[in-house]
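Since the structure comes first, as structure tokens, the remarks are kept for the end.
Chain lettering (A, B, C and D) follows the sequence in which the chains are written, and residue indices restart at 1 in each chain.
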Amino acid sequence: MSFRNFKDKIEEGDTVILYLSNHLHAIEVKPEIKNKKGELIENVYQTTFGALKVRNLIGSEYGSKVELSKGWGHVLQPTPELWSLTLPHRTQIIYTPDISMILLQLDLVPGCVVIEAGTGSGSLTHALIRRIRPHGHVYTFDFHDHRAMLAREEFEAHGIADFVTAQHRDVLAEGFGEDLNGKADAVFLDLPSPWTGVKHAVDAMKNEGGRFCSFSPCIEQVQRTCLALEEHSFQDISTMEILQTELKVSRRTIPVRDLSFLKHKSSNNPVEEKPSSEKNYIVGAWPATAPGHTGYLTVATLPPQYIRTKCKADKDMMEDSKADNQIELQTSDHENGKMCIAENP
Amino acid sequence: MIPHGTKRNKEYRLELAEETYSLKQEITLKASGADNRNIYDDGRSQKLSAVEIDELKFDSNKASDIVETIITNSTTFHNKTEFSQEKYLKKKEKKYFEYVQILKPNLRNISEIMYKLEPNKIQGIRLDTLSQIITLSNVSCEGNHLLYDSGSNGLLAAALLGAMGSRANGKLVHMHPGNMSQKQALLAMNFETEQYNKCISVNVYSVLRQLYQGCDTHTVEKEDSTLKRKAVDALEHDVKVSKLENTENATSNVDIVNTGDENKLLSPKKPKWHFDNIAASEVLSNKVDSLVVASKEDPQNIFLELLPFVKPGRPFVIYYSVAEPLQSLYITLKCLSNVAALKLTCNWMRNYQILPERTHPEVMMNSSSGFLLTGYVLQ
Amino acid sequence: MSFRNFKDKIEEGDTVILYLSNHLHAIEVKPEIKNKKGELIENVYQTTFGALKVRNLIGSEYGSKVELSKGWGHVLQPTPELWSLTLPHRTQIIYTPDISMILLQLDLVPGCVVIEAGTGSGSLTHALIRRIRPHGHVYTFDFHDHRAMLAREEFEAHGIADFVTAQHRDVLAEGFGEDLNGKADAVFLDLPSPWTGVKHAVDAMKNEGGRFCSFSPCIEQVQRTCLALEEHSFQDISTMEILQTELKVSRRTIPVRDLSFLKHKSSNNPVEEKPSSEKNYIVGAWPATAPGHTGYLTVATLPPQYIRTKCKADKDMMEDSKADNQIELQTSDHENGKMCIAENP
Amino acid sequence: MIPHGTKRNKEYRLELAEETYSLKQEITLKASGADNRNIYDDGRSQKLSAVEIDELKFDSNKASDIVETIITNSTTFHNKTEFSQEKYLKKKEKKYFEYVQILKPNLRNISEIMYKLEPNKIQGIRLDTLSQIITLSNVSCEGNHLLYDSGSNGLLAAALLGAMGSRANGKLVHMHPGNMSQKQALLAMNFETEQYNKCISVNVYSVLRQLYQGCDTHTVEKEDSTLKRKAVDALEHDVKVSKLENTENATSNVDIVNTGDENKLLSPKKPKWHFDNIAASEVLSNKVDSLVVASKEDPQNIFLELLPFVKPGRPFVIYYSVAEPLQSLYITLKCLSNVAALKLTCNWMRNYQILPERTHPEVMMNSSSGFLLTGYVLQ
């Protein structure tokens, strides 16, 4: 229940983050677990610093030190960011740099209604929930029934089920459902063919308009999505890529090599010609390998209804006027291409 | 936008547009060249003189007429590639077709405008970095939060307060080192009064003195700054323009509106800052759920002084525009070992042009994102 | 003539680089120039530090200080790198980070024969010439006759005409010419539709194979070029992007704000609560704006003739076996697309 | 590559391939799913046991047969998307179809192999940065050049010598601080003797002593290191393997061949280094046309000591793996003002996957390129 409110002390049922010298572990605080035979046994969590009796966590304060059999660690209350780093991966997940930008680009504040597809491992969902609480709501969909169920159970266990509805649904084929028509402030898509979801996003958004964001690893997905967004009168269509690098900070001692003494014949020739002194730097080193690509974020604004229809009409006129135009030809090319990897209904 | 006034001192009159036009739609391209092999750049391709074009601008009402005349008088336009023609029209469109759209202010457009106009006035905090300050500090409708900000013109306070929402309990203590807090972005957000009042802006010396030494000390020395504050608050009330124009060529500073009904401020005896200090020091003595520092000063002293006000297990985020002071603080904190999961990060962000046959990253990028030092407080 | 050999002193006809507090200017050392009326007059170069009598440069040493009417500067012997920063732009040019990678990826060493299309402003050409000298040769083509002529004149003036043949030719339509068949070690293309040049590159390369590189700003160009390279049996096809940032180094004094004194009631209250001390850092600041994209480099190896044909046969077989396959469909899509912006012959 | 030997101690026998096969070409995909909605990851999708698959590997000669059997026994393969199927086949291809191609060594493949295997052994000099060291130092068939390198295993010497070419006049003075120079990459390039001999590798102390103090001094102290050198050179002659395997799974260290015929080295009395020192100090006293420093030591001292040997107007390039020592040197040089166009740069490089419908940057990148401080020497 530890995702709902700020807490001072650990209670049974909480999920806690165990911090061990730069390693993070998420632990569900259950004093007992079932073994393979189905018998309840003492819950002991194994770490590189030895065993942790999970029962002992109950009642201790967040931020405090906990004893392990061969050392110690600290327990933190989970945040969506810590959860992203420790959650069980059911799919590729979206990490904090992209999540943060998605939240900002979708103009989300407490009270907003936001649609997410697909749910995946729930990494983004947790951050969406935090942002739209206490009066908003997240509707999240996954076409994989098992994943949708696991997500539902997880939100329940984390005490945030009140703010989220997790459903199993193939939204590209079926849309978000009539209940959500005109209800959403923002729609986020992380799907293999997001362009087919754009029309559903238009249906789901409020009359006063809203924001759209799509996360796609491949540029072809982005290109099709941008075309679909333009066709549906979206404005301010913009695509970006976010990467984050962690600098490795350390104090480094660098040898200094003196060569000046060689200019003068001297009677005492040094036998060892080693570096003569040292210089200290605090250096921030770029890591040898770092994430090089997560996905492209494509964002756009759906204008209010009354402008929307007008733009739409303009658009149609424009399309007509250049039917035999090269750009138009290009568009239809893309639409042919679309069929190649379109989802089966 | 209809231009009037002289060339030097341009003014525009706004007219409600029932329809919008785009040049590409109005002007039919008849012929285009395959490439630029026959184009010589000798500065003589336009047969109209600058004066003639200027006259055209004042005579003609529909911009497409102007541009069509210009094209007709260009010797090279029809030899240009289709791509170059489009580029040309886009340039002309910007010059002769100007629309303004009135948007509701929100953190995204306010921070984009402030970053574009004067990144130095918001310590160079780029959109992606700003977005991460909000998430990594775990700010939500719950809890109390502490911000030390010595120069982002209220952007960070606006960002955090926005994420805290209205109709919820938390408070944001917004510490600043100056005589008065910078509120430009905070005011620009058009927060409702209830939400706006959740932000308690206090001078860092006053509030810490209040906290450590109790009430009613040093009132004598404060007289002077009180007067200054009153003047400023009164001034703010005069600012009337309430809309932010999100046009590409908006180069003037952002106008602000004062949403607060803080008239009690002008009531006699105890000034508002007096009560703010008391309220803020109460929040601090109960400890807060996150700490954000974005200082122009070296962050080390400030962070170490404010760290005791943060509950154990809670996150902190320190922003600085260059890495070196954060690297130095990193080494200090590693030695103190009172924080967990310490990380120094740097962001990279690039925008893309997505157009059929012309998809590529944008040719210029903002390569300076600033740096974040983040972690969690231990007991 | 100053591009040919390392020189100590400036002679008439040299191009020199004038360095003025971080500004670079390329100056042709001609004592007199023609004015608008066609009369020969004294050549005086204007700078922010006043006038420079170009005649005075003759005989002075490279690297030395030169007097200007309102200050002084230094003269450097031009390198292809300094030339890239100062040359007259007749087109978009390629800069040193990309140039360097192109040279390395093309496996160029002295003695190589390399083909370049188009010549553009000759920025890359100068670097190619330096690398393949003294026994190699650069064949460079431009479809713009005036540009080809200007380039020819420039190579002549720079004293490097022996190592380069600059021609006016539409190589996409006409190929590189029969004379070059089987002659090249490497081919570089910087053209709007490089994929149509791939077959000509194959013709021009030596029987023992060679390296190919294409520079394109748009991803669609890269996609088509990669397909064309695969069709023509190229191996190790690889695409990359290079960016360079210049860090602004400075000594920065950062104020330190002491807050600790507030913990204690003290009789002497400081009236001014200004930062109490300072800390010095040498900082390397990232610039606000920097190049975000120049172009994608696509490189590949053409294997030796005897392997090449075999691979080609395999390929054909493979293509046949999946004629009704989705990938194949995709390829033909791209070929349709190609027509849209293909060059007129 | 045909595997034999045990699992733990794999050995491969090479066989000349008349034709190459790719799995996608051999195996016809019958059915594929539209997405992964019906795939549950329970580790039970492969009906064959690991032991059964191993047996298959030894019984079957054609890899496509093996993989076809594996696919037939997979419960999920036919439900996977076409994309996942291809990925799966690629993985299997790597496991069961292994070809080796013998390539001629050149700077590109040698530096790529060295960077991939152990970037630390070449000071983390990435391909793009290496390429810029060569251009920015303006090395060509002309002129004499000076390199100080304390730890790139000969990569920088190989890079510069390669660009200098054969049948031309220049010399490369390759200074190192150790008893013997690192030559791994230099030898791997298979330079002709004439070209190889243009590189004069000398100990920095010996050559400067030679230069400043003249011949025949300190021969006594050198005895010891001479012996060491002889041993090493002899050892190098024993290394026979001359080809570099450019296979993806080459994880062993790169083998090298000695191209030099330096038998005179073993002749009595004056060792080769004695003549090398004289030759190098002659080059230095006539001054060089460029200076490259890639030290593990702080670059400041070394650069300032070697700067006097560079002709005015010529470029220098200083590489270091982190920025801080170069920033410090930058400040020093700005004060001395004996250099022009001083620049500290950092590179960014990313590879792309270009495939129909699946074009994207590679998911992992090398974010550490090292830093270059470049400029031109003034009189």
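Note that a contact is a pair of C-beta atoms (placed from the backbone, for glycine too) under 8 Å apart; a residue touches a chain by one contact, two chains touch by 3 or more.
Note that the coordinates shown come from a computational prediction; the quantities given were computed from them, not determined experimentally.
Between chain B and chain D, the least number of touch steps comes to 2. Chain pair with the larger contact count among A-D and A-B is A-B, by C-beta pairs in contact. For the pair chain B and chain C, the distance between C-alpha centroids works out to 37 Å. Separation between the centroids of chain A and chain B, computed from CA atoms only, is 24 Å. Mean C-alpha position of chain A lies 38 Å from that of chain C. Counting partners per residue, chain A has 219, 245, 282-284, 326, 330, 337, 340-341 as the residues that reach two or more other chains. In chain B, the residues touching two or more other chains are 323-324, 328, 348, 350-351, 357, 359, 361.
Against chain A, in their complex, chain B makes its touches with residues 19-20, 22, 24-25, 28, 82, 106-108, 127-128, 130-132, 134-136, 138, 140-143, 162-168, 289, 311-315, 323-324, 327-328, 330-331, 334, 340-341, 343-352, 354, 356-357, 359, 361, 371, 376-379.
Chain contact summary for the complex, chain C toward chain D: residues 5-6, 8, 19, 22, 24, 61-65, 74-77, 79-82, 96-97, 99-101, 103-105, 107, 109-111, 127, 130-131, 133-135, 219, 222-223, 226-227, 237-247, 249-251, 282-284, 296, 298, 310-311, 314, 317-318, 321, 326-327, 330-331, 334. Chain A contributes residues 143-146, 170, 192, 217-220, 245, 252, 254-260, 262-265, 269, 271, 273, 275, 279, 281-294, 337, 340-341, 343-344 to its touches with chain D in the complex.
Looking at the complex, you find that chain D touches chain A at residues 34-37, 40, 119, 124, 177, 204-205, 208-209, 212-213, 217-218, 221, 295-298, 300-302, 305, 321-325, 328, 350-351, 357-369.
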